[in-house]
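Dumping the structure here so I can ask a few things about it.
Chain lettering (A, B and C) follows the sequence in which the chains are written, and residue indices restart at 1 in each chain.
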Amino acid sequence: MIRINIIFLLFLFSMQSYANIIVSSNSDIKTIKQAVEIAKDGETILIKEGLYEESDIVIEKSLKIIGEDEAVIKAKDGNKVFIINSDNVLIKNLTIKDMKTSYIEDISAIKINNSNSVIIENNTLINTFFGIYAANCTNLIIRDNNIISNAVEQSSSANGIHLWKCKNILVENNHVEKHRDGIYFEFVKNSLIKNNYSKLNLRYGLHFMFSDNNRYYKNRFEDNGAGVAVMYSNNIEMIENDFVENWGTNAYGLLLKEIKDSKINNNLFKTNTIGIFGESVIRCQFEHNDFMNNGWALKFISSSEQNNFLYNNFIGNTFDLATNKNSISYNVFKNNYWSSYNGYDLNKDGIGDKPHKPVDLFSTVISDSPVAIILLRSMFVDMMNFAEKIVPVITPAGLEDLEPMMKEIKHD
Amino acid sequence: MIKFENISKSFGKLTVFDKLNLEIGESGIVSILGPNASGKTTLIKMLLGMVIPNNGNIIYQNKSILKDWNYRKDISYLPQIAHFPENLRVKELISLVKNIRQQDSDEKELIDIFKLGNSLDKKLGHLSGGTVQKVNLTLCLMFDSPVIVLDEPSNGLDPIALVNLKELISREKEKGKLILLTTHIMSLVEELSERMVFLLEGNVVFDGSNEKLKTMYQATNIEKALANLLENGNVENIKI
Amino acid sequence: MWKILKYSFIDLFRSKWILSYLFFFFIVSEGLIYFNGNLSKSVASLMNIILFLCSLIGIMFGTIYYYNSKEFIQLILAQPLKRSSIFIGHYLGMNLSLVSAFVIGTGLPFLLNGVIFSDFADSFVLLLLIGVFLTSIFSAISYYISLKSENRIAGFGLSIFIWLFFAVIYDGLLMVALLYFEDYPLDKFSLIAIMFNPIDISRILILLKLDISAMMGYSGAVFSKFFGTYLGMSISMLMLMLWSLVPIIFINKSAKSKDF
């Protein structure tokens, strides 16, 4: 489907010079609204350079609306700008800005309702409340957009790209910044999120709810309020993403809640307060990820079962793994590299001769009494951990990597 | 020139001096004598500001020395036990002291007299006790100070060095200096000293010349006189 | 003061003690780089080592050096010098040689391995700074203890105890307190408590560098302000300076009234 869309786009691109209607302050047609009204089904509207103050442009037919460079639409009275209610629409090269904050209405720069094959491409959305809002759509392409807002608090801000009950969506190469959630998926299926850069959003860089069978890869999520949240979803593939610098109380690179049968492979989790926070994660695969300099690389609570953690690198994390008692069972940790491992390899097969226990006593103390983190790296704590390692009393017994790697794993 | 006025000093429960008064003149050799723990070294150290009296005043050249340090440029001091920084060489130690005092000095002659020439480049930790004492003497006598304080100068010296030492002391005396001396070698006292101050439990029990001591205790030499003094139970009687 | 400082510095820098201290840190630091194969890990391990080694060696050396130089001090005391300049110069000379041995011993391997041009240059500078502070503080504390205590064995014992107290016991007591009063807001208390222990202050500086992601996980306005801004770094540095100064004031005070 995506492939077809791309061909469709190329077709549109070649049509650009054959604009049917030109909007410009010098021509007869001075507003986009007017152009949309007179345009026939399938026609192309070219918007010349200039500032257009408009809102509530309702599109009920198949149209291509293309802006020249510096074609800027300022939302009139801060109201929503484009409302697309038809199939086969292209919106390209436009700058849309200055929407108002609303607590009642989902005001957005581009709203798409019940449509098929809509392309939103190469637009710049500045200080829009919702950037792109799609409901009940199929085969959307949202690509190369720059969506930047100035959210200060969660209750008075909205999402950059917001999808509700959609199918077969491609979200690619977008830059989403300073919204509530960067990209929001609810009841979205069979979609792909690729190469996006989502940062400085107040809540999540990416937020998944009840959205099965999706894939996202090669995205970068940086310095978001709480990182990326994937909740109540099955069969999600999360590959080659970067989760970096998500700092703060209850902040994490990736939150997994009620997730089943998913793959989390080849991702980078770097300098997050928590790399992955898991709650009821079942039958998931965590392979070839790098966890570097996080406060906690992994923190799992509630029952998380039958997950496999293989070939991951745990380097320079303050704690590699934290869990409340017995909440993490029937999970396999094998062939990971742990920089905190202090075993030896006498037979030189690259695998440490004694198992590695990633949970130490102090991390258990911290989960009971968080303020004790002030004693981190104290000699007293080292002695305590050492004693516990020799005679384990509190730390979970079965939780260990039986075959820890001696050297950092090079992923393909 | 030097006046101890009503000096009291105790170390914890041990009282060493209780209202001691003593005056010492401009020049000559004064021996401070007394049995062990009679307060000789404490008295000297108070003069040098190393021990601080609990009460009383010490006057040098009409000025109190108690909060002062500059007066010490007038005093050359030979400590009883000299341990020097082990890693310093002899000549470095000499230049250290010269550097600190910033006064003219004549160490060359002393180095000759005590035959220290070969030891100058040695580290102090490698020297014998006698050689260390010679270095100690050199450090003390190389300055031309009006007051010289010698605490057991004969410690560890061989007979030749002892003879040299006596000569040196006489020579300094002839320059009109004041020399304070404590020693156990009575011959040294007898030969050199003009005035003796005998301390017993922090009190001056005798203060006067050799002859006076000998006549007072009907003895032919000082050693005997002192023995008689000590045997005499009623010390109060002879207190001057 | 400068004369005494210069001489005790030269004296010490020639001694086997200081040279072996220098060599020891050279071996530790070179060894960590060699075996870890990665500078970030070496810096982290070295930071942990420095916390207890610099303080321990500082405290031992302060005592040993003071008792060994007692006679030298007596010689100097009879010279026309002010007492405070004698003792402060003497302490500073010792401290300067310890600090130089540490800085050269630790720094050389890192320079040879090109840390100055890596991302860890600032961690490395912090590491040296902490070592310098801990050495100065603990050698001053033990110098003061020795000045106060005529009995060498008692002085040495007390110094080692003080070290053990700051290095281990203090944190143990603090942890007990934190666990016992779990239900109360303790972040302010714990930060204040940390400031009374120079090893803990240095540890906090290390946490600020290495574990900031974990520290930000604690929910408390005081903590986030302390760890999230330059406030923590500035307060800690200021407190370390204060800690370095106070024992010197005590040394000076005690030296003025002491008998030799």
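The rule is short, and it goes like this: contacts are C-beta pairs under 8 Å (C-beta built on N, C-alpha and C of every residue); 3 or more make two chains touch, one makes a residue touch a chain.
It should be emphasised that the depicted structure is a prediction, and the values quoted were computed from it without experimental measurement.
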item: Interface with more contacting C-beta pairs, comparing B-C to A-C; value: A-C
item: Chain with minimal offset from the mean of all protein Cα atoms; value: C
item: Chain centre separation in whole Å, for chain B relative to chain A (CA means); value: 88
item: Rounded Å distance, chain A centre to chain C centre (Cα mean); value: 46
item: Of chain C, residues touching chain A in the complex; value: 40-41, 44, 48, 51-52, 167-169, 171-172, 174-175, 178-179, 182, 186-187, 190-191, 194, 200, 203-204, 206-207, 210-220, 223-224
item: Chain A - residues contacting chain C, complex; value: 247-251, 271-274, 293-296, 316, 318-319, 339, 365, 368-383
item: Residues of chain B that touch chain C when the two form their complex; value: 11, 45, 48-52, 69-73, 75, 77, 79, 81-88, 92, 96-97, 99-101, 139
item: Footprint of chain B on chain C - complex, ascending; value: 3-4, 7-8, 10-12, 14-15, 68-72, 74-83, 257-260
